[in-house]
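First subunit A sits with subunit B, and in the next complex the same chain sits with subunit C.
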Partner chain A sequence: MASTKPPAGQFNMLYFAAASTYAKKQSEHLKAPLPVSELFDTLEQLYPGIKEKVLSSCMLTVNLGYVDLDDAAGIKIKEGDEVAIIPPVSSG
Partner chain B sequence: MDGGFPSDWRNDVLAALSQPVEEAPNTWPLTQQEYKRYGRQLIMPEIGLQGQLKLKNAKVLVIGVGGLGCPAIAYLAGAGVGTLGLVDGDVVEESNLHRQILHTVGGIGEAKVDSARRFVKELNPLVKIEEYKVRISGDNALQMIAPYDVVLDCTDTPASRYLISDSCVLLGKPLVSASALRTEGQLTIFNYPPRPAGDPAGGPCYRCIFPSPPPPEAVTSCGDGGILGPVVGVMGLLQALETIKAITAAGSADATAFSSFAEPAVNPPTMLTFSAYSSPQFRSIRLRPRKKGCASCSAEATVTAEALTSGSMDYIQFCGLTHPVNILTPKERVSALQYAEARKNISLSGKSHQVVDVREKVQFDLCHLYGSINVPFSIVSSLRNATTEVVQTPVLQQLKTSIGKGGGEPVFVVCRLGNDSQVAVRKFKELGFDGGGKIWIGDVRGGLKAWREDVDPSFPEY
Partner chain C sequence: MPDDLAATYLDEENIHVELTDSLLDINAILNRVKSPKAGAIVLFAGTTRDTFDSKPVKQLQYSSYPPLALNTLLTIAKEIKNKHSLTAIAMVHRLGVVPISEESILIAVSSPHRQAAWKAGEEALEACKERAEIWKLEEFDGPDGGVWRANRDGQSGVELAQRRAE
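After this line comes the complex of A and B, so read on.
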């Protein structure tokens, strides 16, 4: 995973497990700032279908902290942040 | 002074000489054998005598004796956990052996629980084993979990993960949960500290973090997605470690003291993610506290023991079932035997045909039918605006050209099991590869699995 430091005006978006399979990549840089509430729609535009098939059951983190989407009003993703989509892995 | 010896010395010497020949009964807290066996961890302040006694009195339930359960069991048995309950309804298969380290060639076909018991008895006969040769379900979960102090979720389906989490909340047990797929793993201790539902000081449960299950078609098993042995091994070992930490941190050495799990300073809840090919490989994510309104652990919890046991909580239904794909008409499908016949006749008549294998390239490279061309399903399924993208996707452009050159020869699509091939046939027709119905495009029912079973037993099974 090329989790390199994002350039100015961007944040680092990480995809794990089923999310990386769907996006066909493990990370990328996206434009900041971005309200957390708009993240899923942004990703849906990039990867049509990802919302229903992956994101609906995922955990979202910003800078290694859990973000509750029901309670995310007003939270903005800032330049340089590390955002991750962590789907549940159930096999073992 | 008497005879040149200090009187203290003389008393010691006389006492030593008067020792009975037989050894006095062991009055130490552990047996001689235990001191020796556990010596290397006993001398660590994190364990010490009290920690070892807690391990000895602890009862740990390991649900799933596979890729996670095997390494966890080995280390828990090694550390001297007094009682290990082992739950698994499966038997050992050859494809388990690359990662399920308790099982051996001699155990193929045997119950995993029996195979694991044999390993533990060889490693540490002091450990007591309880066997449960069943798959965990709503009607047996609570009964099975109740006698134990800590539970390890080493299972492999979303349904079992919700069921085990709900059961642990209802019974007040800490749940050491891990999972792994391909090159990634996750580890969390749920419900730790294990407070009753509605107590915000308790640790979050599985439902707090993942309130809704993934759609069933998006769930990948190790059999379909693959798993690297050391990846799942690392996660199982971490489960053993966190279990040892939780047991030795608990209130006092007697078994009844696990209710005081909350007493020692428990770290805030985290999820450790492992990604073998990333840098950094490990990330520790700060989790939320218990979720307000959580169906399992909040004051408004709707998951009750009665609902769980009676079956009115249907975990399989909650997580959804995948149905085998069935989107083609019978005329668009042939059996493996029919295809073998067609293959022979076509070649005898000097004609040719197209075989399109839609498995991913890595699988195609393992083995494929002679003459087949590879168009990976990930490419087919991700096409959005079909027509323009064919031009931009070399492998599809080649396929189109190749079908065109064939002058109306049939196109057979195969995959591993006969699901993806149907979706691919639909897609190829949407793209107009069938020349508006002039060219027959269909799939081989049951895929290469059926080919091996019905036509060519030498075709590799993987």
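After this line comes the complex of A and C, so read on.
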């Protein structure tokens, strides 16, 4: 993984496939805490257009567990967490 | 492709799942599932094709989120092994550049009788294609550049050339 341990007050944001192409990077550190419900807007500010073109078809994991975006009220991303954008998969 | 990944795997009793950037070894995976209790082994080898929608594909490249993909592959392997009472199951996916006509995935299952093995092999592959956190980038000759494929809809995903232009 190209990611490194995030410094204090930040979390690790990972991008894969179409998300990494759009963000032009595989990972970065973002400021924590951050409510899950605000994550996509935060990414939209960093990468205008990413919400509609990429994120709308993606899933989200926090510390290797999937988070239901329709039921994320109150869930906060904490310092040191590993968050990942998971585009539609294509193994085989 | 993570830079520090050579091969990474998870093992449980009679289950092996692995991601590797090396050439896949058919004999090795057969040996993993071979057993005196099993009268049948079914092996699926997925190889990379040189065209998509009649467009020539120059090369394919797979990337992954290894810790999550391994968890998912292990979950799939357990489900399929229990459902079909398999003797053993092994699933290995290659990452990085896979030259055309080389194997990108091997799935081997063994069971006392062939019927369960045939079914289990197919179900394991379909579940992997649907759920494993692995992504295929098809690179074409010419101006189209490359696209991230999505198994879900069989359509091409994000076109790299288009993205770069934005």
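Please note the rule applied: the second predicted complex is superposed on the first by the 88 of 92 C-alpha atoms of A that agree within 3 Å, B and C clash if a C-alpha of one lies under 4 Å from a C-alpha of the other, contacts with A are read in each partner's own complex, and residues count from 1 in each chain.
As a working rule, contacts are C-beta pairs under 8 Å (C-beta built on N, C-alpha and C of every residue); 3 or more make two chains touch, one makes a residue touch a chain.
Worth saying up front: this structure is predicted, and the values here are computed from it rather than measured.
A.B. asks: Which holds for A:88: it touches subunit B only (first), subunit C only (second), both, or neither?
C.D. replies: both
A.B. asks: If we overlay the two complexes on their shared chain A, which of subunit B and subunit C does A:15 touch? Say first, second, both or neither.
C.D. replies: Neither partner.
A.B. asks: Touching A:40, do we find subunit B (first), subunit C (second), both, or neither?
C.D. replies: Neither partner.
A.B. asks: Looking at the overlay, what does A:68 touch: subunit B (first), subunit C (second), both, or neither?
C.D. replies: first
A.B. asks: Does the superposition put A:56 against subunit B (first), subunit C (second), both, or neither?
C.D. replies: The answer is first: A:56 touches subunit B but not subunit C.
A.B. asks: Taking the two structures together, which residues of subunit A meet both subunit B and subunit C?
C.D. replies: 1, 16-18, 21, 53-54, 57, 61, 64, 84, 86-92
A.B. asks: Flag every residue of subunit A that touches subunit C in the complex, lowest number first.
C.D. replies: Subunit A residues touching subunit C: 1-2, 14, 16-18, 20-22, 49, 53-54, 57, 61, 64, 84, 86-92.
A.B. asks: Where on subunit C does subunit A make contact in their complex?
C.D. replies: 2-5, 46, 62-68, 71, 93, 104-105, 125, 128-137, 148-153, 157-158, 160, 163, 166
A.B. asks: Please give the residue numbers of subunit B that touch subunit A in the complex, ascending.
C.D. replies: 64, 66-69, 154-158, 161, 178-182, 184-186, 209-210, 212-215, 217-222, 225, 227, 232, 235-236, 271, 273, 275, 277-279, 283-288, 291, 378, 382, 384
A.B. asks: So in the complex, the part of subunit A that touches subunit B is made up of which residues?
C.D. replies: Touch list, subunit A to subunit B: 1, 3, 16-18, 21, 24, 26, 48, 52-54, 56-57, 59, 61, 64-66, 68, 84, 86-92.
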